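Have a look at these structures, which come just after this line.
You will see two complexes here that share chain A, one where it goes with chain B and one where it goes with chain C.
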Partner chain A sequence: MRSDTILKISVAVFVGAFFLYLFGPLIIMSVTAFNSSAFPRVSPFECFSVEWFNVLVNDDKLMLGLRNSLFIGLGVVLISVPIGLAGALMLMQISPRVRSWYYTIVISPILIPGVVLGISTLVFWDRLGLMFNADYDSFFYNGIFLTILGQATFISAYSMLVFISRLQRFDSALEEAALDLGATHVQTFRKVLLPFLRPAIGSAAVLAFLASFENYNTTVFTIVSESTLTTVLASKVRYGINPSISALAVIIVVMTLFGAGVYEIMRRREEAQRAASTLIAKAGDAAAVLGRKRRPVYAEPAMIILTLVFVAGLGTTFFAGTVGVDQCKVAVKEEKRRLAEERIKERKLKSMFKQAAPGKETGSKSGGGTGKVEAKGTEGYKSIFAPQNLEGQVESDEKPAEDKGKVDAKGTEGYKGIFAPQNLEGQVDSETKATEEKDKIDAKGTEGYKSIFDPKNLESQSGTNGSN
Partner chain B sequence: MSADVELDDVWIKFGEFVAARDVNITIKGGEFFSFLGPSGCGKTTLLRAVSGFLEPSQGEVRIGGQNMQGIGPNKRPTALIFQNLALFPLMTVWENIAFALEVRGVGKAERRKRADELLELIALSDQGDKMVHELSGGQRQRVAIARALAAEPQVLLLDEPLSALDLKLRQHMRTELRAIQQRVGITFIYITHDQGEALTMSDNIAVMREGVIEQVSDGNTVYDHPETSFVASFVGENNLFSGRVTEVSDGFATVDTSEGPMRARNALKNGSPQLSAGDSAYVFVRPESLKFANGHAHDNTIKAHINQQEFEGHFWQVFMDVPGSDKTIKMSMVNDGMELSHATGSEVSLGFAADLAVALPEGPLAAE
Partner chain C sequence: MNIAQSIREFFLRNGMVLGLYLVIAVTFWILILIVLPQLYMLDFSFSKNLPPAKIGGPEDVHTLEHYEFFIRGSAQNTAAFNVVDLQVFFRTLLAAAFVTIFDLALCYPIAYYMAHVAQGGWARLVVLSLIIPFWVNEILRAFAFRIMFGSGGVINGFLIWLGIVDEPVDFIRENVALYAGLGYAFILLMIFPLYNAVESLDKNQIEAARDLGSPWWRIHWRVVIPFAKPGITSGCTMVFMLSAGALAAPQILGGPSSLWFTQIIYQWFQTGNNWPRGSAYAVVLLASTIVFVLLMMKIFKVRLGEIAR
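Moving on, here comes the complex of A and B:
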């Protein structure tokens, strides 16, 4: 009895932990998409806002990448579904002895790292282009063309797996029956096998599209000078992140949920129909008249509810995210400014008492004024991970806050050390400024994180920033 | 229109394995012909050779006098009804039936009309718009037949089409198949391991064992005049006694068995008796040929001990031991409303007439 309860509890805990592990990141990310804070974060949650969706839609690079990704996805589907189908049909036809060899060979693109596929595609077409003396505008060097081909090499194998599993359930007697009734091989394929494979074609197409859409390893090599959603995202993460990426993720998650809902409704509907028709077959002809009418999918109650929930959720979110956001932001800003000022005062008081702090040197340098922006930026964070430098650093943060002319540099620096807890104050401060400087958000966002993980790069990088 | 089917010296080999060995059969046009044999005897293989899904390794298949070599299944005047029916699951009933017309390019209205005619033939009018899975087993069976008939074949091939049905339906479909065959008048070649099906429907039966045709004749002859020990043991039930032939005379053979000497017909093959004195032989006696001797004189008598009596409605099954041997004898008695004359456990004397028993050369038997 007792051990039973313990078991139940531990299972519950495990399941809970498991789901948290699965969905925790998604939930957190979704929340950040609606936080007006310029950096994707959950706490402090400032204002509920949909502005990042707006930023997302107006981000030309991202939108271009998205368009390219969609186009490439379509191309990959068109190439890899027929190849996969042909491969699967071939597998079913050949003798069992050859089959395992054949299978190993056609499945190998899945096992080869995407990086290798990407490089080899690039090299191959480059060589080919050289052979034909093609110039760089030709398709041999076209990133989109190369990416479609590069991705199709292994995505074809994915779709082949889908077809194989469907074909294994195919009763080959059906083919023989069609032949026996006088159909040619082409007719047999078109009228018997293809209709049977239709669901698999759908799944293979969806799978191929998704695999293409989210691919990075191969794409990053084959894309050359173009961009896809994944490459744009990757560069964004490297050069500065804002919640518009979370907004994109939210859109994808919602679309996935909606799609899964529709799929589930369709599946249950199919099941119910099958059960009903078996009943009819059993009950005999009299009952056959009943239940023959089929509701269209969109008239299915579950479907209507799903659509309503979806639309209502969308509407509510949009309404809540636009109305009253501005007031909220102003309030948040005020609150921040107040806090920051309090802290500055406190800090000043403290620093008066501390005479010989190691960070003093940097602090005094940065205090120089307009002419020294560059120098300040470069040095301010030199050793952010050295705790003994704390004071000096805080000081240098404070200076730009007071100096309006240095906003640019401020943006760059504001986030440099976000992962160092001791830097928190300075950061809050600089953010307050950021909200004041709407037009400069872009530049700030891009630069703020350039190489946060590489402390060695700090110097040269801030140098670049300064020159911006 | 119907056509003769001739298998001329047909051998079918898969590597070392011989699935059909020197098969020579002529099936007359319009005949209901059955291949009867245990599973794995090669009957389906022969059928596939006729329908064109495989070519014989040697010999000729002729349909309507024309050699079928190199002619694919879609070009032969045959239609096959598959064991699992192989109805197209994604088509409606009428689309299934009209498939043969569709692939020939017949227009939709014409197809529908023909499908409706065939639906009427199989008594499934107004079921044409259903999906196949909405039909019951027997209805599907009939749809498969209609679909095959729509191709207007000269020969209809049926590969154990009734094996998936339950007993009642199977018996009903036997009659129906026979009726359809007589209505359309084309050649039916029927594959089965069920002797009841073969005996009730067929004009002629070929009994097969391990790729070899053991006997070809009508059902009556196969049952009453088996030519080999395999046929005797496979078709119907038989009590078997083995021994050595002591004497042969007037078409009868006397066999010395461990249950005593028995006199039985000396089985013919190609018109001549098969046994001569000194041969090892089997004597087969049908359960229904055995009688309680009750003091009457019989050609043959056996002492036995009643072990068990089973009531099966229209007849009784009596199981007996022979004292001094491990043989079990089975006897069938028509249930004539009378009390059983002998109690279980009693010693009895059985008798049977010599011309109701058959003596055959020792040979392979059907597995129990």
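Moving on, here comes the complex of A and C:
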């Protein structure tokens, strides 16, 4: 009994972890889309904003890619659904001896790596173009044409699989009956087979479109000089990222959720209808079925609720995302500034303490700064006597702290007490110690301070600062 | 049974119009889209890298140089083998196998859970929620992993918060992000064949084994797994093929020092401007993956028809 509960708990934990793995990335990515921070991240969450959606919509390259992707998707649907249907019908009729060969060939595009399909399409049509002496403007070299063909190669196989699973439930006696009653082959096909296949045609088309829309491996070779959404995205992601890509992901996730909801509702409805019709058939009361009008899908209550929730969510999000964003941004900036100032005050306080304490500690601090404290760290102090410069430092401090907060801030810490004459000695002392310890703080850094009281030096140094 | 007769029968059965539609569509698919491009790519991989003007001229002869390059490296190379490319090739296969095993280990319990433990609406919800990540673009998924695994990302933040590490771990360089991303991308392709196979298992068999005193792990080892073998093989084959042939995830998530084999192919086409060599590499990839699939089918005694379901 005890081991049973342990097993149950571990199963629950495993399932939970699995779904965390499944949805965690999507949730995190979605959250970054609403953060006003210029780098996609969750924390620190600065302001809730929808500005990245604006950036996304105004991205011309991406929009061109999207248009091409939609066009290609449409082309792929138009080619691969008829081919898939023909392939499936052919499979039903072909003699068993040839069937396994046939099946192997038509199913192989699913297993062949997409890269290979893209390459073979590209070189094949390139060669054909050469054979026909075609222009470079002709379709042999047109990226969109090649992409449609390359994708249709394997997407046809997907749609064929959809048709096969539907055709397995087809009663061919219906077809025979129609033919016996004098219908032509075309009529039988149109009036008997196609209506039966209609759901399969719908799902094959949706599947084909989605598969085409998200394809990258084949497209990247066949697209040549054009672009699709995926190729634009890939180059964007590779060369620097910003949250507008997350915004796109949010749109896709929301659309998928919506689609899944619609699909589920339709499935439930179909099931309910089937149950009702069997019930009524049993009762022998067909009048009720005939009397009830079929509601269109969009008038289904669940559907209406789903749509309302969807629209309301969209509305509030955008309202919340546009109102008060600027204020929030200013606030965040202020906050950052305040934090930076606080940090500096803190440092000042610390250095006051250090004045009293022997310089040893200061030295170890500055030396501990990952040993990278070099010219950069010391730069700031050269003109440390100029009061107006101190302010500038506050300004500049803000940035590195935001970036990594690594070296620079640390580097300055030790020198705040530089005004105190008695501290200077200690510092020089400590500086040499640090040099011994870390050997990366080269003499350069310390050299400057030894003669720091020399008035001549002071002038020249503040001069360099001015040029900074 | 001769061919002419069966063709006539075919047209008699379908009528002229439909028969023509079937024949034309299927021929176009098989010949123009599938077979001829592959054959031409094979032929092209044996030709020299020439400018268009010289193609068909006296210099356009068949050569093995690209395959030789793959194994031996350039003429200046003093080593016996093209160490860089071969290493990338074998590492890709190995990593793809690793991703496959990872996915299998992750998905088998879930598939079993979906098929035999979860019930009613909950099971339905689980299936639906599996599909959603699959429709998010491959590149966006990789992007999500990059955000997560970056030095300022959530995972590093969490680890630092827990106090496990002090400095952010460079998951991208260590390829952790890549394996996690690849495994993520193909979960669905592993889980559905497994689910289909496990689901058709009669529950009575499991109960019988349990009644006879078999512990849960032996029930899986002796009853469920042997039954689900076709599903396991087909899921593994799909995942292996797709991760060995993946391009987007390695481009986005791959560490700077490690390449995926498809990236080398991509380079020969895009920057190397040597299409025949790229084709040769593509043929190598295709051949090795086919060999792998055949091997898997041989070992586990499954037919192709069972794989692509």
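Simple rule for what comes next: the second predicted complex is superposed on the first by the 330 of 468 C-alpha atoms of A that agree within 3 Å, B and C clash if a C-alpha of one lies under 4 Å from a C-alpha of the other, contacts with A are read in each partner's own complex, and residues count from 1 in each chain.
Assume a residue touches a chain if its C-beta (ideal position, glycine included) is under 8 Å from a C-beta of that chain, and two chains touch if they have at least 3 such contacts.
What you see is a predicted model, and the numbers here were worked out from it, not measured in a lab.
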Chain B and chain C placed together on chain A: clash or fit? fit
After superposition on the shared chain, which partner residues are touched by A:T184: those of chain B (first), chain C (second), both, or neither? both
* To do: Name the contact category of A:L349: first (chain B only), second (chain C only), both, or neither.
  => neither
Thinking of the overlay built on chain A, is A:V15 touched by chain B (first), by chain C (second), by both, or by neither? second
Check: After lining up the shared chain so the two structures overlap, which partner does A:A249 touch, if you call chain B first and chain C second: first, second, both or neither?
Finding: second
Which partner chains sit in contact with A:L26 here, chain B, chain C, both or neither? Use first/second/both/neither.
second
Practice task
Name the contact category of A:V192: first (chain B only), second (chain C only), both, or neither.
Solution key: first
Kindly classify A:L233 by the partners it touches after superposition: chain B alone (first), chain C alone (second), both, or neither?
second
With both complexes superposed on chain A, which partner does A:D171 reach: first (chain B), second (chain C), both or neither? first
Of the two partners chain B and chain C, more of chain A gets touched by chain C
Next on the checklist: In the overlaid three-chain picture, which partner chain does A:N217 touch, first (chain B) or second (chain C), both, or neither?
Outcome noted: second
In the overlay, chain B and chain C get no closer at Cα level (Å) than 9
So the chain A residues that chain B and chain C both touch are 184
Listed in rising order, the residues of chain C that touch chain A in the complex are 1, 6, 10, 13-18, 21-22, 25-26, 28-30, 33-38, 40-41, 44, 52, 55, 106, 109-110, 113, 117, 124, 128-133, 135-148, 150, 152-154, 157, 184, 187, 216, 237-238, 241-242, 244-248, 251-252, 262, 265-266, 269, 275, 278-279, 282-283, 285-286, 289, 293, 304-305, 307-309
Seen from chain A, its contact residues with chain C in the complex are 7, 11, 14-15, 18-19, 21-26, 28-29, 32, 39-43, 82-83, 85-87, 89-90, 93, 95, 100, 103-117, 119-121, 123-124, 127, 130, 149, 152-153, 156-157, 161, 184-186, 189, 210, 213-214, 216-217, 220-221, 229-230, 233-234, 237-238, 241, 245-246, 248-249, 252-253, 256-257, 259-260, 263-264
The answer for chain B against chain A in the complex is residues 51-53, 72-75, 78-80, 82-84, 86-90, 99-100, 102-104, 127, 130-131, 133-136, 147-148, 150-151
Chain A residues touching chain B in their complex are 171, 173-174, 176-184, 187, 191-192, 195-196, 274, 277-278, 280-282, 284-285, 288
